[in-house]
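Across the two complexes that follow, subunit A remains constant while its partner is subunit B and subsequently subunit C.
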Partner chain A sequence: MQKKLKFALLGLVLIHLAVLGARFFAPYDPAEQHRDFAFAPPMLLHWVDAQGHLHLRPFVYALVYHSESSAAGPYEDDRSRALPLRFFVESTTTHGNSQSAASGEPQRTNHLRLFGVDSPGEIFLFGTDDYGRDQLSRLLYGGQVSLFAGLFAAVLSLGLGILLGSVSGFYGSWPDAVIMRGAEIFMALPWIYLLFAVRAFLPLHVGAQESFFLLVGVIGLTGWARPSRLVRGVVLSAKHREYVLAARSFGASNFYLLRRHILPETYGVVLTQAALLIPQYVLAEVTFSFLGLGVSEPAPSWGNMLAELQKLYVLESYWWMFAAGLVLVPVFLLYHMVADAVQQAQL
Partner chain B sequence: MSYLARRLGHAILVLLGVSILTFALLKLAPGDYFAGMRLNPQISPQTVTALRHAYGLNRSLPVTYLRWLRSALRGDLGYSFAYNTPVWPLLRSRASNTLILSLLAMAGAWLVAIPLGVWAAAHRGASLDRATSAGTTLLLALPDVLIALGLLAFALRTGWFPTGGMASVAAQAMGPAARVRDFVLHLILPAAALAAGVLPILVRHVRSAMLDVLDSPYLLAARGHGIPRARLLFRHALPAAANPLISLFGVSLGTLLSGSLLIEVVMSWPGLGPLLLEAILERDAYVVVAAVLLSAVFLVAGNFVADVLLYAADPRIRAE
Partner chain C sequence: MDRLLEVRDLRVCYRKGTEPPTHVVDNASFDLAAGETLGIIGESGCGKTSLALALLGLLPRGGFVQCGEVRFKGTNLIELHEADLQRVRGAEISFVHQDAGLALNPVLRVGDQIAEVLIAHRRISFRQASGEARKILAQIGFAGHEQIDRAFPHQLSGGQKQRVAIAQAIACGPALVIADEPVTALDALVQVEIITLLKTLQQHFHLALILITHTPAVLVPIAHRIMVMYAGRIVEQGLAPEVLQAPLHPYTQGLLDSGLDLLPQESPAGPLSSIPGEPPNLAALPAGCAFAPRCSDRMEVCQTREPVESHSGKSRIVRCIKYE
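So, the complex of A and B:
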């Protein structure tokens, strides 16, 4: 069981690190457009060239526009132009469109990237979208929004849940009644409807950063009910334990009792809840952005990347646009594995 | 009977609380439907003020709430600014569409989950049980939206199913049999997507509830009497395992309604989901309040039905 937990945690840490290091791992800037390569399919890495020679350094074939009407799609590989993969390349990023920069001079920065190909030439391992933006880069940058929105919202929710749950369980009487009736009201709404009810009355069109914190706030503040009820249950049973009574008779203060003896009892429940809530909240961000109520273009999030699929022609023809949804599957699997392992460790 | 009366009273109080909560949110909001009008130079500020006055948006929270509550009790849920009609007729047809979809998905999911869960529990540790558990794990990790989009792509590619909506454009001209067939074809994919979302949860619960019962001494005794296996499982074990499952029925309704919102939008099923989304984007406040409240009514009603079923199924509760 411990092995499974370690494996899942390691996987999650790696995914989060990859996403955090998007500037290094992504071959392009998420907003960089390649207008000649709209909806380019994912490129394959090759080791064997057209002549049958083996190369140690993988390469991709350059894409050429063929024709809109061909059955295999508008692009085809140019077998005569192999673009070898270069590692640790220095790349220049142009921020924003060259036309849109107010100063007339687009801002340029140089930094190191894990891989790239010699220009002229592009590498799109996960294909491109409508504007010819590299999907892999957008996935990595979008993960910063989607994964961390879920994580922060869960921290917020659990913090609030621990606070309200322990007050409710420890002090009882009217604070308990008020908090628990409140929790019942929050739990009487189907979860997504509750989120939407809160989101409905907040500003709709906000910048990418504001909307990130807005979503974290909305998701985090509406999710306190279930964790607080669970924490309350643990606190209720813990406060009558004999060692707690003993500590109290020695003159321990309420705060000391909570901190030293009672809250540590809730760790198991809180950890399980965290492992269950984080994926749920990641999905909430994805749902919001998918429906246009969350992080909006051009900033990438897994939700607004998936939203492209709401256009039927994209859904029908460009299967690689599913990538933003498919990355959720391993993330969820790993979180569920953590939840299972933590739950079993408690038994 | 006092048990049921208590549950009913509780349900009504919770609904009142939900309505107060949504109203408080409404009032906390910056701007309303008419805020956008202020920017329009062709509409005078006096007109906007008069409109806000006419719709009662300039009153304080308790006054608005009490007025709304009074008319809501008479069946009038307010007025939609965007559609320019009363809310209730608008909501009624949408809500019934959501209910058709959700109840069908619910029935389908339970019909698959019960035999599958019982079967997996009866063959604990066998390859079949392991396959079921792997399947539910995978299905649990698949987001609803991905399932819905995948099924929609499938419909587009094969052309076997319509790609959204509730009826074909030509449905009006069809005969009754063809119309029913058309409706069923439209219903299958959204219902399947929805059912796939709750199925893994149900299967897991059925399996674990059954496992608890299968280990009990009285079942061992029943087996000792030579009762056939199928009768043992479905006549003796399943009713004993029913209690947690009946409670789950209420809880799973919440998951179902949440999932339904997204699936309705993706598959353009004309239910509450698309209406609520539109209303949010248009700041159509009373539609939002009514749709949210209606979802709570469904959930609370579902939980109440679960309570009634529990009361009917478990003599211990009746004796209480």
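So, the complex of A and C:
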């Protein structure tokens, strides 16, 4: 395996593992609000304190609210209160609003987290949003939605694409005509409007989980056209190979020919398509949630985190709100590296 | 002698678009007994391969059998459904393709490719089938090669690949093997090896063999009977020694004259002769005898009337006006 492919796959696996292990890696619950720290900027990890002493254990300074009109922003570091980073902390999460328990007794859960600070301090390595929710935690939990929506949608559309493409290429005649005209219709439709139209059919308020599967279904079912055409092309050339005819003359059935001799030839194309489609579908989910049609608050997704940027004052003042957009960059780069490496391996 | 295969008035056509279908094989009738070798010779494009493919219902898209029957052990194969044909192919009748290099899947091990033929027809596990495949490979001349079944086709020579293809064909113990130009892509020494192998296998398993070729020389050591095809028609058939030594049809004569050292003791010294012209376009056959424009013994009547079969001797059939 090429170095590049190894590197890209390792990177992707790490990102997906981090996202899957959000309960452990994230310092807070994604919906936990810290109303005293709305739009807190990212905290820096320090090793050297104000007196010039070196600490082996990194620490952050506690934030204090200064004033809304200060040039450096409303918060500033309290140099007298260093909060050392603690690893493998047992943390109690209060779901919902931590400030008031007006809506009844808040639910509490205990579990292990990778890091945290001693209470009453807080740690916001990627800053917070307007409800004082930790951006890092929301990024990790949001990745579960955004990355896996893309992954599942790609699996769905590739599965459909392989099925329809191989039927079309292998049997030809009218199934071919019907499927390919269908594919052309799907390719001619501007998909984003199609998605809007489908979304418009469905109830306005759907739960986070339902909307996740809805997105996967809609994106996956509209995206089969291109992979099916590619698969059809490969099947069309593979079915005329001499060894396919030879296998037929030894009594092989159509299904056997497809499975054993023809579909293996499409793997290269399918893998390349997968590596290209997944980031495309991740972006589709992000776009959707950005426009408020995907996963809705308070459940995080990279799209609805970016939706905050629709407000001009957020866009102007709080640069850390771009975090969800920035994490897309390495994800895309790694997926495209995989696609590139797979394609090179085929040549 | 019991008849294994009876072909009667077979007509194979290709249809392209809305044009009237082209007859690539017409009026083909012949018999084959168990354990007998039939050689089919003729130039490229005279319908040999189409005839062979039609026997097993393997014609490519657009090709179909318009009329006639192919009786194998009493069953008409033309009327069988695809699923039933699949049980016949490989198990009862199998096929050795022209170029073994192309007929083997380049990404699968040769042992597995033989095993798969067995799995397709018998209820055995992959493990058993692999063992069987090894045995078959040893039987057909790979005895010294321990790991041959683990090899990929590109690791084998042309002759070895052809052996593997033959192993696939005989794996299920068929009664009939159709070999379509099995030695055309091989060099002369390997040709002899492969023909010798086929002959050994034929005697060992009592196989009936249809050997298609355009070099009559390869038929000399193996064929019992020979059938000559021209422009989709069988122009001459008879016992091999008779046809080779005393060809009746002018086409057969020309074909044999243009061969190299067919029967060394009798071949005259001097330049090789050839048949002028080229095979006709099957879609636009000339009136009368299809061979007439190239025939050295052409008569007036040849250009107006199609010749019919005439029998001479016990099993000699020739389709030429000269002998009517």
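To be clear about the criterion, the second predicted complex is superposed on the first by the 336 of 347 C-alpha atoms of A that agree within 3 Å, B and C clash if a C-alpha of one lies under 4 Å from a C-alpha of the other, contacts with A are read in each partner's own complex, and residues count from 1 in each chain.
Here is the rule we go by: contacts are C-beta pairs under 8 Å (C-beta built on N, C-alpha and C of every residue); 3 or more make two chains touch, one makes a residue touch a chain.
Just so we're clear, the structure is a prediction, and the values are computed from it rather than from any experiment.
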Putting subunit B and subunit C onto subunit A via the overlay, clash or fit?
-> fit
Check the residue A:261 against both partner chains and state whether it touches subunit B (first), subunit C (second), both, or neither.
-> second
Looking at the overlay, does A:45 come into contact with subunit B only (first), subunit C only (second), both, or neither?
-> neither
Would you sort A:184 into first (subunit B), second (subunit C), both or neither based on which partner it touches?
-> first
Of the two partners subunit B and subunit C, indicate the one touching more residues belonging to subunit A.
-> B
Where does A:172 make contact in the superposed view: on subunit B (first), on subunit C (second), on both, or on neither?
-> second
After the superposition on chain A, what angle is formed at the C-alpha centre of subunit A by the C-alpha centres of subunit B and subunit C, rounded to the nearest 10 degrees?
-> 80
Regarding the shared-chain residue A:253, is it in contact with subunit B (first), subunit C (second), both, or neither?
-> second
For A:241, is the partner it touches subunit B (first), subunit C (second), both, or none of the two (neither)?
-> second
Return first, second, both or neither, reflecting whether A:10 touches subunit B, subunit C, both chains, or no partner chain.
-> neither
Which of the two partners, first being subunit B and second being subunit C, lies in contact with A:112: first, second, both, or neither?
-> neither
With chain A overlaid, the minimum CA to CA distance between subunit B and subunit C in angstrom is 19
Touching residues on subunit C, where the partner in the complex is subunit A = 56, 58, 61, 83, 86-91, 94-95, 97-99, 102-108, 116-117, 120-121, 165, 168-169
For subunit A, which residues are in contact with subunit C within the complex?
-> 172, 241-243, 245-253, 256, 260-261, 264
Residue ranges of subunit B in contact with subunit A within the complex | 14-15, 17-18, 21-22, 25-26, 28-31, 137-138, 140-143, 145-146, 149-150, 152-153, 156-157, 163, 253-255, 257-259, 261-262, 265-266, 276-277, 279-281, 283, 285, 288, 291-292, 295-296, 298-300
Note which residues of subunit A are touching subunit B in the complex, please.
-> 181-182, 184-186, 188-194, 196-204, 283, 286-287, 290-293, 306, 309-310, 312, 315-316, 319, 322, 325-326, 328-330, 332-333, 336
